[in-house]
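Both complexes below contain chain A, partnered by chain B and then by chain C.
Right after this comes the complex of A and B.
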């Protein structure tokens, strides 16, 4: 298979992390008492709230900053964050949904071939870093996309980036480099 | 400062040093100019100013005591690992340069110690000196995760170009850790380091080709290779000796090495599987299966004929896959065309006659239909054949801006009755806790 052929790679987004602010102080004890699916962590000063639909977990701080994790798309992250803000409104807080932004997107993709990690690290030094005594995968950072790719010998790769578009671009960029390092036993 | 005389306007004003107090006098009219400033600026005062230490006594900036201690520790590490003097001096200069970097200057002492070890490792890699990260971590008794983070930070901050040490380079030093001299363990178990290293190197190359080495920790792999090499050098007497007994005989490692030994045992099993797959192809065995417990006898022959056996094993694997896929296809065709079999039997025979000339293309297409993990004989051990994807229910088609109904939100808020129950429960639990504490007190 030549890298120039059109190859359909399934990129599965597994996690989207987003943040937003409520612009008001939140009483964590009230949220812990009146909210369902809530875990209060007084030692760290936050409350964890889980929503069923979409399946997201939110870390809520008394300053009004909230981090949402677990969504599988940017749109789901937004609807989940809005749902959470509505929930806090119903609890009696004067919430204004503001400064929503997606902070991190984690995706996985599987190549249809094994990858010779030592060869890949040699070909792409110093962008690629391979320390088998620390981690079994090669770490490849693309600065202009702010994306980090971890490449395993089985052909699986995990990509983290600031948004889905950057993640897709990162996969497009890395594929030809991986293809030239695939190894078949002769 | 040039001033004009307020009486005649002349600029010819001089300082009169006749008396102890300096005065400004106009030469043309002889009038005395009044003093403008009763006080002078700090820069004009030359006497009675405090002289800072660095201008008078200090000749050079003193080194931080922690830096001096760190350099001492680094030199000790270099001596333990027997670095030549030029490598030691470059390690020290790298440490002094990195110590002043903002990333390392205001950090904890444990991180500074890890920095010293990282400098040793970086210099060893730049000079292709065989030294594993695990050895440095063990010497410092540092947290491996912390050490790894500091090492990568060092590479990034100082823009170093280091070449990662290959596993085969670590083998020679590793072999010297085993006390297997004939005078130490006897003729039955004794082995020279040279023979051990040569055989272990061949086994490591085979393991690397079979995807057992990539992405794995090197030390368990090295232990497994040395153990199998030692067994194969005198298999009749050593076949029944397990890995743990081998470590005791050779006085390798300590009780803390338990986890590493368990991992090494897994690598031994994986390598024996590979050796069995290749051993089956030996001509005098005629394809009969080889047991992992008996493969030690065949290791020497397998390594000598490695390339031929590998190609034979791949060819046999492809043939078996082709026969499996053609059987499943034939079974599928037979099921689908059973009612029409009587009418179309002549056409089937024509298709079968045409099959051989087009066999090569159809073989490739049949093999390409299989998942790649099944196609290859040697794959990374953690690869599993992909399961059939479940027919997942399509997720909600969301845009992020839909309306949110009150009913959805109400499900996340407790009712008043639930809240009363919760408060009562919390009070009861709190009381029970206090009673227990009083009882213990």
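Right after this comes the complex of A and C.
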């Protein structure tokens, strides 16, 4: 979305998670029986509803809290959430759309070079953690941005953060570090 | 040695049998004592086959530390439980560590880590077993032992990733940077398990070389080291003519078959695999390879590029073919008789239509199918041409000419069918995708941005949402289905409600079972000493302490009393787990208010100075010193001291006399303690 420094890297946002509240009690059974594309999970006490247009999945609790996952952008997340609220309204609940906020954004980015993970982990000792027995990627956490970056040896990285802006700045921050530890260009 | 007098016959000849633990009178045969407590060292066999002494080392710090009164007392309050936690942890560390065959140094380091963890309160909310396993694994990593996290999880039957999470957290909090796992560490261990006999060392060296090569070929980044080891060992075994199947290697290395095969194929792709065994041992190739996942991605790119090139070439060839077609056509026209009117019109069209038709068809179907496609086209052309020629009853000349010229024949009669058939599927196929794209874009365009507010209905497709809601019939059907599906859950809910209703009727209904909260009255005391006393009584820290004696102590001594219970309490609790014999002297210790408390301080440096010496010395020393003091002050605090402890002191003393001779350091230690401050020292020396 946003180019970082000189190189234009494609940062693709793949998942946006958001929450909102309906400020009213919801009868899950009614939703389960009258809605299309709904799965009722009585053990955990929630209903999963899937929308097609902005492709999102929503977990609905009887207290009125709803979590939406699967959107590909922040705007889409909001639209999907509103659509969902409208749907619930039609089912007969006095729904109010309040406290909408985006909780998590997942993005994927690919570097044009490969990365030497062991060297990278050594250079960034406490912040970066590399356990090949557990996970093939290096986990790098940026505290002040509250972002986590997973770096693979092929050069592709996944970034999770609280919003798209943070994700972009995280990429900008980590690019020079990755550039240092890149493998010999072929 | 001074022995007891037999009670029945008055004889002094008493035989003490250490093995049986009996003291028997030789004349009348009456058993004076049974189950004598011995102070011998006992050995127990480990799971690893070695033997270790039974007993515990009392550490220098911990419960034996002198607590500071007043503000510092809070730490010693929590220390009781802290000491228990650490002791418990130490025991578990030794258990696990011995199963992993870790040496004492590693276990001690692990215990140090545990102490750090506990002091940072990281054990809260975590299972002790996980924390201990993580500490052990930390030690394994820092020491470089060939233990995998998988081994630990096998022992504990816990998911590897849960252990890994705890381990990562501890490493981060303790700021311990564990070096990265080197697969070379595991080779000797796995080689040994694969039983190569005498050649184990050679096979290991070969496997190590292979691993080095793999590292340089970038096969090891992001991979489990055990998988690489397995592959290297398998190849090394084969090189040295050992037949080790994949299954055997897998059972040792703990990866799955697919992983091992994948590693082998990746290694196969490297140029090193082309060398012979001798060459490999001698020569090292200079070049490095890319990581396999990277090469896989590159392959895909290459495939796409190839396809593009082929498509371009196809176009070229098509161009050439069409050129030939043109020429032949022209010649045919000149030579052939003119056709009837219907097909003449088509003939003009086809020349223009063929080109896009062919290229579309061939382009969309790919390079490999192109030749087949062209052949099929021509075959159909020939077939159709025959049919058409029969229908139209063309001249035999034309038929013959057609049959002779096989390929590159734009037959006008065939072409009309082709032109009719050809574009149809392509247009349809293209058109569909385009229309789908249009639909999607339309949907996206209808999504608008909205402002804050209750619920902005702009841009929400009402109709679509209506679709999300079922109509009545559907609702009924779904209700039935849902009831059937979730019958069990509904039944449970009913039962629960009935149960709650019953309880409500009976009046015993509780919202949720709550733990009875412990409410203690606040302690009211005048002095700090009193307050401490009361707290100790209330809390009942240790069940081994005779609180009555404590209270009497307090009444007797003013200053010394307050530290003494405090000191003795941790001392006694610390020694709780030692042998029974030690407890007796402890009790007698309590009976000696001042000297005991002051003794306590001196005892501790003794104990700390010999933490790792033979247990005999540690056992003997604390016994010796209080016992020596027992004797002289006995007459004075008679009302305090019970007769119980005193009687046991004697046989202990007897045995200790036997031990004293070989263990001279004990004596010197007594001298260290003894010194000038106690008047009883002179009497001590007399006794011995």
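Going forward, the second predicted complex is superposed on the first by the 179 of 186 C-alpha atoms of A that agree within 3 Å, B and C clash if a C-alpha of one lies under 4 Å from a C-alpha of the other, contacts with A are read in each partner's own complex, and residues count from 1 in each chain.
Heads up, the rule we're going with is that contacts are C-beta pairs under 8 Å (C-beta built on N, C-alpha and C of every residue); 3 or more make two chains touch, one makes a residue touch a chain.
Because the structure is a prediction, the values reported are computed rather than measured.
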Are chain B and chain C a fit on chain A, or do they clash, once the structures share the same frame? clash
Touch test for A:15: chain B only (first), chain C only (second), both, or neither? neither
Counting only touches as set out at the top, which of chain B and chain C does A:112 meet: first, second, both, neither? first
For A:124, using the defined touch cut-off, is the partner it touches chain B, chain C, both, or neither? Pick first, second, both or neither. neither
Considering only the touch criterion stated at the top, classify A:158 as touching first (chain B), second (chain C), both, or neither. neither
Contacts of A:150 with chain B and chain C, given as first, second, both or neither: neither
Taking the superposition as given, does A:96 touch the first partner, chain B, the second, chain C, both, or neither? second
After superposition on the shared chain, which partner residues are touched by A:73: those of chain B (first), chain C (second), both, or neither? first
Would you sort A:27 into first (chain B), second (chain C), both or neither based on which partner it touches? neither
Chain A positions touched by chain B in one structure and by chain C in the second: 33-37, 51, 53-54, 75-76, 78-79, 82-83, 86-87, 90-91, 114, 116-118, 121, 125-126, 129-134, 136-137, 152-155, 184, 186
Looking at the complex, which residues from chain B come into contact with chain A? 132-134, 144-145, 148, 151-152, 155, 161, 164, 166, 209-211, 214-218, 310-311, 314, 372, 376-380, 382-383, 395-396, 398-402, 404, 406, 408-414, 419, 422-423
Please give the residue numbers of chain A that touch chain C in the complex, ascending. 32-37, 40, 42-43, 51, 53-54, 75-76, 78-79, 82-83, 85-87, 89-91, 95-98, 114, 116-118, 121-122, 125-126, 129-134, 136-137, 152-155, 183-184, 186
Inside the complex, what are the residues of chain A that reach chain B? 33-37, 49, 51-54, 72-79, 82-83, 86-87, 90-91, 112-114, 116-118, 121, 125-126, 129-137, 152-155, 184-186
Touching residues on chain C, where the partner in the complex is chain A: 148-150, 160-161, 164, 168, 171-172, 175, 177, 180-181, 218, 220-226, 288, 290-291, 293-294, 297, 443, 447-450, 453-457, 459-462, 464-470, 475, 478-479, 482, 486, 489
